[in-house]
C-alpha cells in the first residue's frame, strides 16, 4: 500500500512487528472468530440434518435456482472487490471506489433475491416455526444476510474515503471480509439448497 | 509494503479464477440433476470446498500471505471438526448405548 | 471414605467408593508433597541480609529434571487413575447384569412418577403399580430402569446407591442398580429444573421380598 | 518517529475518564466495573448462604428468600462472578492496562475499538443488573441455562429475566471478542524494538493465549445463544425434542465454550503470579519456555475435554471414556507449570510483601482446586459427585484463587503504577489473612457436605432426611458465618485502597525494582506512556544476575 497512515494514530498502530500490516492482521483474527460462529451453527445444522431424513423433503422447498443465482452474484461481486483492491494498490482511489460500488451493487442484488425468496417461502407456509429445518434455514441465511449488510455499510464507507484517496489500504481489508462472506455462502448453498 | 505484498498479484489473472469458479458452480448443480446421492455429495460439497479454497487463496490472497494465517484459519476449522465429532454421537444418532430418542408421548398416566 | 457420610446401599456404591479412596490417597500424596515443598521453600529462602538470590534459568537439562522427574510420576499416576475410572464406569454405566425386574422412572416439574411392574414382573400390564415420589424395591435384586422426562431436564439421583442419571425429554435412558441394604433413602433431583427444583424429594425403600409382596398386595387390591 | 500528538490537547473530564481511548483509562474502567460487580455477586452469595444456614428466616438487607428468588440468586451469582468479575478484571482490566506498557508502546493498536468494547461491556452490565429486577424476577435456570427449562417461560416462569440474561451474556461475548482482536493484534504488531517473542513477559503471553482460546471457543456458543434466544422470544424449536430439536445440543455448545473458559481466566491469573513471584523472590522464572509451552498445550487440550461436565447428562456412555482420558491428560501440562512456579522459589530471596502473599496463596489454594478436579474428571466418581457441593467447593478452589486471589495479587502489585502511590502493607496483610482464612472456612466444609451427597442449587434441604441432620446444618452455618467474616474483611481493602489513593506514599517509577517495561514509565504513566519509546535488550526475568551490582536488570537498560 502506497500511502501513509494518518500521523495522529498511535505509534502502536504504525508498528508491524509480525510483518503483517495491523489492519490485515486484525481482519484475519476477525475471520478466525467468525469461522467458529458459522462453524458452530453449521455443525449443529448438519447433525440435525443427518439425523432427520425427512429434512430432505423440506429442503426440496427451497429455491435452488435462486440460490445458484445468488452464488453467481456473490462470486461476481467478489471479483469486483479484488479488482478494487488491485486498483487501490496502484494508488487509483477513484478506480477502487468504482469497483467497490459494483460490489455493493452485487450485495444489493443478493439481498433483493434473498428477500424475494423469503417472501415466497413464508407465503407458502414455510415459516421459521414450521420445522426446525426452517428455523435453521432462516437463522443461518439471516445471520449470513446480516454479514452482507455489515459488509455493504463498511464498503460504502471505505469507497467514500477511497474516492478522495484516503485510507486506500482499507479497500483490501473490506475485500477480504467480503470474500469470507462469499466463502460462507459457498457452503450454505449446497447445505440448504442442493442436498435433498 | 508494496514491495512485500504486491509481489504475485500481477501473476494471477482474476478473471480466469472467476471463470473457473463459475464453471465449478455449474458442476455443483449437476449432482441433483442426475439424481445420484453420492454424486451430489461429491459435486456439491467437494466442489464447495474447492471453490472456498480458491476464493481464499486467490481473492483473499492467502497464497501470498504468511503461512501461519492458513494454519490459524485451519486450526479454527479443526476445532469445529472436534466439536462435530464430540457432539455427533448424541445429536446425530437416534440411539446409542442404553439410550434411545423418542418423540412420542411419555408413557405412564 | 464416602460410606462414613452416606450409607452404601447398592453394589455400585461399593465400587465407586473404592475408586474415590484410590483417587483420594493418590492425589492426597501429591497434594501434601507439593504443599510441603512450597512451604519449605518459602521458609528456607526467606529474605536475609547479605544473602543474594541465585541465578537459575531452569533451561538446562540438569535443572529441568527437578520438574520433569516428578512430572513423569504424575503421568504414571494419571494412567492408573484413568484405568480405574474406566473400569468402574464400564461396570456401573455400560455392562448391565441380567435384570430380575424392570421399573420405569418419569420426571416432571416437580415430582417423580415410578412405575413398578406388579406381581407379574412385567411392565405395561394391568397390574402395574404407579406411585408418586415413592419407590419400593426388593433387596439383592437387579433392577433395570427406564428414565425419561415429561418437560425439562431433571436428574435421577439416589446418593445411597451412588446413582445419578439425567432425565432428558425426548430420550429414554436405561440404567441399572442392585440394592443391598434395607432402609429408606433420599431420592433427589440433581439438575436445575425450575422453581420447584428443591421441592421434589422422593424416598426409596429397600425391603425384603416378603415385605415387598405384602406392599404390592395392598396396592393392587385397592 | 513522531511523538504522540494526542496528549497535548487539554481534555475535559468526560473525554478523559468516560470516553477516553487511552488503554490505561479503559483498563481501569474495566477494573472498577469488575470490582463493583464483585460487590453485587458477593451480595447475592450472602443472601443465598443466609437462606441455607437459616432457612426461611428473613435475611437482613434482603428479606425472605423464595425458591424462585433463590434460583435467580445462585444463577446470577455464578454468571456475574465469571463474566462480569473474573473476565473484566483479569483479562480486560489487567490486559488493557498492562499490554501496551509491558510491550513498550503508547496504546492499543485500535484505541477506538477498545473504547467501543468497554461501552458494549458496560451496556451488558446494565442489562444483567436490570434482568434481576424485571417482572417475574431474574433468570433462575443456573448459569449453564440448560434448555428446555431456559428456552420457554412456560417452564422457567421468567419471561423477561431469561432473554435479558441471555442478551447480556451474548453482548459481553461481543465486547470481549472486540477487545480480544485488539489484544492479539497489539501484541503481535506493536512490540517495541528488541521485544522478541521470548522476551515478552509471561503475563502478556498468558493473556494472549487466553484471548485466542476465548475467541476460538465462544463462536459455537454465540450461534447457540442466537438459537436459544429465538426459542425464547420467537417460539422456534431448536432445543425442543418434541419438534425435532435436541436439548443436549445446547449442553455441548455451552461446555465447548464453558470448559476452555476456565483456562481463559486461569491463564492470566497464572501470569500475574509469575510476575509477582519473580519480583519478590528476586529470581529468574524457572523454565520460561516450558511454562509458555505448557500454557499453549493447556489451551489446545482444553478443547478436547468439555463433555466431562456431561458424564451423567445423557451423553453416550462410551464417549465418557474419551473425555475422562483427555481430562486427566490436561493435568499434565498444568502440573508441570505448577512445579515450575514452585521451583522458581528455590534459591530465591523471598520478601513476603502483600502481593507476594497473594501470589503464594494462589499456588497453595489452587493446588487443592486442581487435585479435587481429578475426582470429577474421573467419570465413575463423577456419577456420585456430579452436581453436589463437592463440585461447588472444587471450582471455588479454582475460581476464587483465579478471580479474587489473582485479582488482589495484581491490584496490590500494580497499584503503584496505576495510581502513583504505595498501598499500606500492614493493612494489606491484615486483609490478606482475613480473606484467606475465611475462604478456607467457607469451602472446606462444603467438600464434606458434597461428599455426603448434598446437591447444588437447593433452596432448602428440609425434605431430604439424609441431608437435614443437625451435623450437616452446623457445617452450613460455619460456611455462612465464614462468608460474612470474609465480606466484612473486604472493608479493610476498600479502606486501604481509598486511603492509599489519596495519601499513600508516592511510589516513584519502580518501587519494586522490577524488570518489565511498565516500570520504566512514570507512575502513573501519562497519555502516551513513555517519554521516549523504549528499546528492549533482554528477557523480563533477569534478577540476581551474577557479577552485577544491582539484583535486577530492566529490559530497557542497554549494556
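Annotations
Every chain is named by a letter (A, B, C and D) in the order it is written, and numbering of its residues begins at 1.
What we mean here is this: a contact is a pair of C-beta atoms (placed from the backbone, for glycine too) under 8 Å apart; a residue touches a chain by one contact, two chains touch by 3 or more.
None of the values given here were measured: they were computed from a predicted structure.
Looking at B-D and C-D side by side, the one with more C-beta contacts is C-D. Averaged C-alpha coordinates give centres for chain A and chain C that are 49 Å from one another.
Inter-chain centre distance (chain A to chain D, centres taken as mean C-alpha positions): 35 Å. As a whole-number value, the distance joining the C-alpha centres of chain C and chain D reads 30 Å.
Among all residues of chain B, those that touch two or more other chains are 76, 79-80, 83, 87, 91, 93, 97-99, 101, 103.
Those residues of chain A in touch with two or more other chains are numbered 18, 20, 32, 35-36, 39-40, 43-44, 47-48, 51. Looking at chain C, one finds that residues 93-94, 170-171, 173 touch two or more other chains.
Here the chains touching each other pair up as A-B, A-D, B-C, B-D, C-D.
Contact residues of chain B toward chain D in the complex are 75-76, 79-80, 82-83, 86-87, 89-91, 93, 96-99, 101, 103.
Of all residues in chain C, those touching chain D in their complex are 1-2, 5-7, 12, 15-16, 19-20, 23-24, 26-28, 30-31, 34-35, 37-39, 41-42, 45-48, 51-59, 63-64, 66-68, 70-71, 74-75, 78, 81-82, 84-90, 92-94, 109, 151-153, 155, 157, 159-160, 162-166, 168-171, 173, 184-186, 188-199, 201, 203.
Residues of chain A touching chain B in their complex: 1-2, 18-21, 28, 31-32, 35-36, 39-40, 43-44, 46-48, 50-51, 64, 68, 71-72, 75-76, 78-79, 81-83, 86, 89, 175-176, 179-180, 182-183, 186-187, 189-190, 194-196.
Put simply, chain C touches chain B in their complex at residues 93-94, 96, 104, 106, 113, 115, 124, 130, 148-150, 170-175. Chain B contributes residues 1-2, 4-6, 9, 14-15, 18, 21-22, 25, 28-29, 31-32, 40-41, 44-45, 47-48, 51-52, 55-56, 58-61, 65-66, 69, 72-73, 76-77, 79-80, 83-84, 87-88, 91-94 to its touches with chain A in the complex.
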